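Two complexes follow with chain A in common, the first pairing it with chain B and the second with chain C.
Our next item is the complex of A and B:
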């Protein structure tokens, strides 16, 4: 989850998010290098007494500063497209879970076998136990098996919402009348937090999402206990 | 435990709807609706011919997994009332 004074992304939980993290590091480094170069050149320009007022053409340097940016852009585009196609790979999910956005809570439906559905409300601040996170905890978490692709189908029962879990690299809009698919794979067990990401009324900031990734056996036991 | 074979679901047991190449993108609304229609059309056709509706169970499992419960309830209510807009 997010922590105080955080500067970068949350730790990646899914392979796609890891790729996105590395891509972001790569691209941000290029951006910093270009910015540093430009600032350095500007500072040089402003602190020199040398002048040259008869420049007519500069074919060599013009060629370099056309070709070099093109190469840099290709170096950014190729990893970006690779990840884009990776996100759209066909994978056969092992489980389907539906989530419906409401004002102002999420409800989850596991209907592959029995009909299991429940609501997930934020824990009010006054009811938090010591060590729990303010505005992020819920009463019923979404329990999912880890290391298996899970198909999430996201929709809404009233207004627009958005189901987002940053550490899994997921943000999918919940649109009434439409069923949006997101595929989720977690490499490790744990608790992963997210918040509603589309303005939906007065309690938009108070409808968080908590995913609890557990081993398959634990997930099966939890399902039986919830039915 | 982690071999490819061990992770495949046991043959013939239902797990979850497979990838449907007719609906490859993010918007799965039509996937849910189409399977709902196909189930009811299949049941109607099988009943008309006096055959068992067992093969229609596939469509039932798919729409039951994919469609939100409230949508299914609403459509079933509309079918009962005779106001369902789809062609069954």
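Our next item is the complex of A and C:
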């Protein structure tokens, strides 16, 4: 989950998020390179009285500052497209869970084998137990099996919402009348928090998502207990 | 009368000389910053993830969390 004074991304929990982290490092390195160069050149121009008053053309430097940015853009685009296609891979998820956005809570449906439906409301601040996270805890968490691809089908019953879990690298819009698909794979067990990411009314900030990743056996026992 | 004539200072091409020196300097500094980020931030982050997952036991991690009362689905 997020922590105070955080500057970067949350720790990655899925292989895709790890790829995104490393890609972000690569792209930020290029951004720092270009920004340092431009800042250096600007300060150079501001600290001299020397001028060149008879510039007519500059073919060589124009060629360089066309080719070099094109190369840099290709260096950014290739890893970006690689990850984009990686996110779209179909990897035969063993489980499909549907989530519907409402004003102002999420509901989850596990209908592969039996009919399991429940709503997930934020725990009000006055009802929090010691150690729980304000505005992030919910009454019924989304329990899922770890280390397995899970298909999430995301939609909405009323207005636009967005189902987001940053540590898994997920953010998918919940659009009424439309089914959006996201594939989820967690490398480790634990609790992973997210918040609604599309403005949806007065309680938009108060409909969080909590995913509880557990081993398959524990998940199966939980499913039976919830029916 | 002067005891010895001074060398004639450079009077042409001052801007070109400045640009030549500083263009090399600008590229060196910006590549240095990029290298600093790659070896100071990006590299250690990749290594940290590789080290974490090298001998990671997810069931052991799960058991520790379960005993700490983290989960709703496993007490």
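Worth a mention:
Assume the second predicted complex is superposed on the first by the 227 of 227 C-alpha atoms of A that agree within 3 Å, B and C clash if a C-alpha of one lies under 4 Å from a C-alpha of the other, contacts with A are read in each partner's own complex, and residues count from 1 in each chain.
Here is the rule we go by: a contact is a pair of C-beta atoms (placed from the backbone, for glycine too) under 8 Å apart; a residue touches a chain by one contact, two chains touch by 3 or more.
The model shown is predicted, which means the values in this text are computed figures rather than measured ones.
Once the two complexes are laid over each other on the shared chain, residue contacts for A:188 go to chain C alone; chain B is not touched. Judged by the number of chain A residues each one touches, C leads among chain B and chain C. In the superposed pair of complexes, A:212 makes contact with chain C only, with no contact to chain B. Legend: residue contacts after superposition of the two complexes on their common chain; A:178 is shown touching chain B, with no touch to chain C. Look at A:102: by the touch rule set out above, it reaches neither chain B nor chain C. Shared-chain residue A:151: touches chain B; no touch with chain C. Contact with neither chain B nor chain C is seen for A:161 once the two complexes are overlaid on the shared chain.
In the superposition on chain A, contact is made by A:111 with chain B only, not with chain C.
Contacts of A:93 after superposition on the shared chain: chain B is touched, whereas chain C is not. Every residue of chain B that touches chain A in the complex is listed here, in rising order: 9, 14-19, 24, 26-29, 31-32, 64-70.
Listed in rising order, the residues of chain A touching chain B in the complex are 90-96, 98, 100, 109, 111-113, 115, 117, 151, 153, 155, 157, 172, 177-182. Contact residues of chain C toward chain A in the complex are 14-15, 18, 22, 25-27, 29-31, 33-34, 37-38, 41-42, 45-46, 49, 53, 56, 58-59, 61-62, 65, 70-74.
Per the touch definition, chain A reaches chain C in the complex via residues 12, 18, 21-22, 25-26, 28-30, 32-34, 36-37, 40-41, 44, 48, 50-52, 140-141, 143, 146-147, 187-191, 212, 214-215, 218-219, 221-222, 225.
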